[in-house]
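Should a chain be cited, it is by its letter among A, B, C and D, assigned in written order, with residues numbered from 1 in that chain.
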């Protein structure tokens, strides 16, 4: 059982799985109550991500831009940024401002921290934090912006004055790039364990909000700046995505002596167990019966569905952390993550994935720096039964008539997926249910006696033999 | 805007929506921890419902039968029932036994209560309750068995010795014929309100259980007999289905002075508000912020989806209580419950539905004593955009290429639907999401910018004009 | 051989036996008699048996693809028997419809004959393309004395097509097996031979006793056709009423299920002189043997060897690959009757041994065939009930349990791999190619990673409310 | 006319105006000057504007169905502009692909020309059926001085098909409007007239400035065809590169969007002498007027009246029915530019009045057309930002807000019915039949029962964490 690591070799990207850094910083900033983003760049650098977020979350998404134009490419964007800071402060009185850069402002070389300092010097009444985050589109991808923002939070917001042994009794949780529904599921788990999380950050309500009249000045929910200041006094930090928040967790450890736990995204049984066990380890709290029941129900779902899922080949694409978590559940379902494609150019992750898939006894091809056109071509060569990833895979799904299980960001062609959870025992059970139903819908028009009805008689040559836990073998 | 009430006029039933009484009693009895059902009849009367429940819940379903044969049709089934009682008692030591009758035992005229008394007289060591429920298939349908069982519980189990003012501080909740996921959602609501429910009965875990090693002697969960004995001391009884548990609630009021509240099944905003407000009324507890957020999120989902759902015509079929609840949500979504079909021969319910739909400003045809063949014919005459009901509607869905939103019992051609909830604010939001996604999948292969992409150019004559809140009008 | 769960049910001992070192049956009561079978179930023992109606409507009558399936009785029997048994057919009508005279209390008091007659007429009018109406009687309509046979006759005259009345009320007999007999006999008497077609039927056969679960028939009918034989009727699976009417013309009957169908062959032999052969159409050796036997009858031996060689060559690599993965696994088969002994050899071809065997309604001849094939020390149990099955799964821990849908979730709760032998997981399982499906399903069941996960320490494990079953090893 | 939200942004006053009783513009700063427009956005004012790249790639270049749409820049611009604008076409390639030279940090430091060249060659090789490569420049590649124009020339020589380079870097101009111009001009200069086909084009037309949102073009092209006219090119919507190459042959240009397309008509007039007419293709009167104008040009007046009468007869009953339901409703339209004035008349045909009008990038001529049509007292606002829109929706409470996807959810949070005028809810909206769609969507938006539910007391209502926006009525 050997997996392999390949890298896409093409200059042009065709149908990328990834977008660019500013949207990550904007999304993360939405998890802070009353915080406003200023995007320092062209208007499109704010408008495009707003559009994209509105399509996924179906919520108003409000982000300011410094509206740079030709002139600023000659004279620099300082005046625009100063004006934007002034206008945002005076008009909204936010609790925090985050300024993220763009290709444009980075390339013209604006000193954003310096401009912010100048603004603050002139306006002593402005006591809110103003953070800057480097997010040019040409470095990394959308996850980079999220991660960079988390590092800035960890470096700048927590209170360094901490008495020896002083604690707020909370646990910093950095969920990473997830959905509001995921954060709610994690909150549920902590609540069941009698623990208090300090969420870095929490857009579970700001980006999945209700209808309130009158509309609140800032969206309900989000972690407050005060909480973030207090986060240096937490018992520990748990980062649930290595590449989004992992470094921030380590900053908490180094600077504030808050122990860091960087885990695999808790998708599936084993990964969720690791999260729960980490909570136990940190707090000595016992695992409540309620979580045990949820875990047992996930086991039951895995047992009940294994005859439908075992041996199915799946193509996964998206961000490394989600893929790493998903592979756990895929393997627990007996499926083969045949193609695992990410846009990231991250060889060490790729090598870890090779090891992980081999440990899980599945044979995978891990593709780095890949795009969806590449995935499509590979699927044509080595077909799969199922696709998992964000909405942009729909073109492959339609062309090849393969069901697409929508996970990740963006899901823009379905409704309410931001409310769903794929983490924790409940999230995994829901995903098992959904995947099984997709198989039911596509592979069998009629389901009889709970068993799958294949429409045609399969000829032996069509039948791959499932070896070990999955890899197909044609004799 | 006028609705109308019609009655199917045919001797033969073709593709019925309903099954027979014993399965209802068996299902309800599964909600009592450690209780065992003895079906007094042919072996098939136990085996068929076991099959059906296993297909829906994907759990082992264990029910005993008295295995009546030709001989017993001549000599009566007494010896078989006595033997069954003995064997069940000695082998399992259940906490309770429920004996339900069948066509066979009713027609031969076995005196089941008398036989039980005879058994108890001979076996003084048997101190558990042994209830009998009349469930011949030729009276009513599957809901009748459930309801009759609830009445027997209300009549026989609660402790009549109650001091004046004595209370257990709990609220009896009779959910009716729902799914385990529905009961869990109701429990969640009570928990958020700081209230304690006494569930009559609770199969949320017994029929959606986890994997435990070793396997418990009886499935985990269920209301205990002790709790049911104590149910006469509750603050109030809330029955959430009029026809399943409504009379039991009134028995609690009459015999034990526990006030009865018989509500519409809490599907959709208005119906859930009524449930929450009843809880407030009974207990003076305030509505917690968490439920307010869930409610606001449902409102948000209704607003966000109304452009996709307004004016769509839906055909609903199933049991009266679920239909009555569903119509609320359907109307809140701006859809037209064009055909509402039930197998029940219940004119007063039909007349209430006419009033209700007119109050909701939708034009419906309510069909009593109907079957799915009738529904199919009416849909051919007056087409709909969506079907809602249990799995047996799949044949219409396939023939007419109409999406089927699976609700009710049984859902045997999909996986994990018993885990879902359609009640409460969260249940309604999930249903709004699911219905919307079904529309997305069928009516538009590509979704662009969150708006529906019609595949063809509609000619004016194909476009009905939506009048008031829905009814179609072709000029 | 005692079961802990049977301490209060000593009468179960005679239904449980081991195969001794001498190949003989060692019965649970120590008497040395052969295993007891085909007797009424002990009331309340949690039997898995069904009723006669189920056997007749579900197994035998149901597969006839162009008959209206009308239950005379209350709603439940018709609802529960509707569309869940995957006896497939190439028909848009088949399995999608269930009809019922829908007896209510008034009908039970005043009689249901009128309503039955009207139901037949209405059903026939709604579906004029149907070729017959099959009417199944139920407990209550039998008890109140409705004369369904007479109503059927009246109806036949009115609608002008056969109305076949099955006296399959649920309380008859000791299990669903009685229903198979009622179904077979009734169809034979009322339909077979009712038309005398022209033509040369000298190379024609019927398949009797295969119910086309998940299209099983498609795995072997092309093989018989490859021999040059014509199949007239499949009794009953993917079969039309018209096929049944002329099946007496066949030159040979191929009998598959020898529990439900041998006497149909016997009756045809008696009435029409049709010879028959008993075959097993599951497994490589058995399927080959069946083709050889049919070929021998018609003098087509050479062609048979060609067909067999071609097919076996196709599938042998798969079988070999699966055998490597399945070798040495111990199986518990629990089926209705004959499938148990049909499959012992097939499983052995996959390297697996049947260590426990049970039937719902097997007769002495079935158990004899089972005893002949199982290894020493194997356990046999007649009409096992839920606690017995649970005890077997817990104590003997078979690597694989082959049973039906009701038992699936019990096996799962006990962590035992399971394949559905009644309706198959992803069938068909018959013939040569079906065996690859069967092997693949067994492989999926055995090697799904979930079993490893289950066996890991369940952490976090909630406190259980109540004590677990106290099954202990009891000296056997 | 002052906005509470603009207390700290006095410079916004000149972008806000009322239509006074004399029909004149009463500007927010009290000067009586005409409403300010087409100027740079105040930084940080929460503008809704996009960038030049978006206007060029998304609106004008994107609809060309057989061109490879290649962004020269980092990944984000290509990802975000991929497949969300429903400018449909009869093509399996169109909208499903986005291409990008995927600049990384090294490319930004050392230049991206090589990678761009390689990207064009690779893309063309992957999709040999594509008829051209459209290359869109972005901020960073412009700033580092990549000579994309030269690369395009080299690439053209290598791949043997047109490579069209658009200088549409996001920072150019004050809004996406600049992108429309760049797109139009570049296509015109590089493609139009590059082939001289044979044939009789005396009864041919082009549609210019309609981007085929949700197949709008399908609602009116059959009408022009019914006059006997042939459509050569749709500039740009469901159009192929080859159509564009020969569009200069048309006898007449029909110009729809008069913001983005008039000067294309002017350039064609100048270079090829092609006459043009400006039309509005939304609404009954406008659509009829457009057909009459085209017919007049070709001398087809009688046929035009027949076509119009036939179509209007079909849809009038629907329009009448909707007008009854929509009569008297007050609308806030906020669109990019011309749609605002295109639709005022259409809404009036449905009985509705536009009481607030705003554009993202309208110029003086657009605002003049708006002022001409709106009623006295109506509010006009240029380049409105989020707080301004929120204040309008809260204070003026229009019955309907017609805007784009970003604003949809703001309207919903404020309980205001909304129709998406940019990409339509369930379009097309143009032509006669499209107007029925439009009316139906407006009707759905206005009459959905959810609005009644919202206005019920929100019970249970959670305590809000923070105070609500303190908008008060400010004297206007």
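Simple rule for what comes next: contacts are C-beta pairs under 8 Å (C-beta built on N, C-alpha and C of every residue); 3 or more make two chains touch, one makes a residue touch a chain.
Heads up on the chains, UniProt names are A, B = Nitrogenase; C, D = nitrogenase.
Since the model is a prediction, treat every value here as computed from it, not as a measurement.
The chain with its CA mean position farthest from that of chain C (nitrogenase) is D. Computed from the mean C-alpha positions, the centre of chain A (Nitrogenase) lies at a distance of 38 Å from the centre of chain B (Nitrogenase).
Chain centres here are Cα averages; for chain A (Nitrogenase) and chain D (nitrogenase) they lie 33 Å apart.
Averaged Cα coordinates give chain B (Nitrogenase) a centre that lies 51 Å from the centre of chain D (nitrogenase). The set of chain A (Nitrogenase) residues that touch two or more partner chains comprises 54-55, 58, 209, 211-212, 220, 292-293, 295-296, 299-300, 303-304, 412, 449-450. In chain C (nitrogenase), the residues that touch at least two other chains are 83-84, 405, 408-409, 412-413, 415, 454, 458, 461-462. Pairs of chains in mutual contact: A-B, A-C, A-D, B-C, B-D.
Residues 54-55, 58, 205, 208-212, 220, 292-301, 303-305, 308, 394, 398, 412-416, 419, 429-430, 432-433, 436-437, 440, 445-447, 449-450 of chain A (Nitrogenase) are the ones touching chain B (Nitrogenase) in the complex. Of all residues in chain B (Nitrogenase), only 269-270, 273, 276-277, 287-293, 295-296, 299-300, 302-304, 306-307, 310-311, 331-334, 360-361, 448-454, 457-461, 463, 465-469, 473, 475 touch chain D (nitrogenase) in the complex they form. Touching chain A (Nitrogenase) in their complex are the following residues of chain D (nitrogenase): 5, 8-9, 40-54, 70, 73-84, 96-105, 107-108, 115, 118-120, 122-123, 126, 138-140, 143-144, 170-176, 386-387, 390, 405-410, 412-415, 454, 458, 461-462, 464-470. The residues of chain B (Nitrogenase) lying in touch with chain C (nitrogenase) in their complex are 10-16, 18-23, 33-34, 38, 41-45, 47-52, 54-55, 58-70, 72-73, 80-81, 83-88, 90-91, 102-104, 106-108, 136-139, 141-142, 209, 211-218, 220-221, 343, 373, 392, 395, 412.
If you check the complex, the residues on chain C (nitrogenase) that touch chain A (Nitrogenase) are 83-86, 88, 214-215, 218-219, 314-315, 317-318, 320-322, 325, 405, 408-409, 412-413, 415, 419-420, 422-428, 433, 436-437, 440-441, 443-445, 447-450, 453-454, 458-463.
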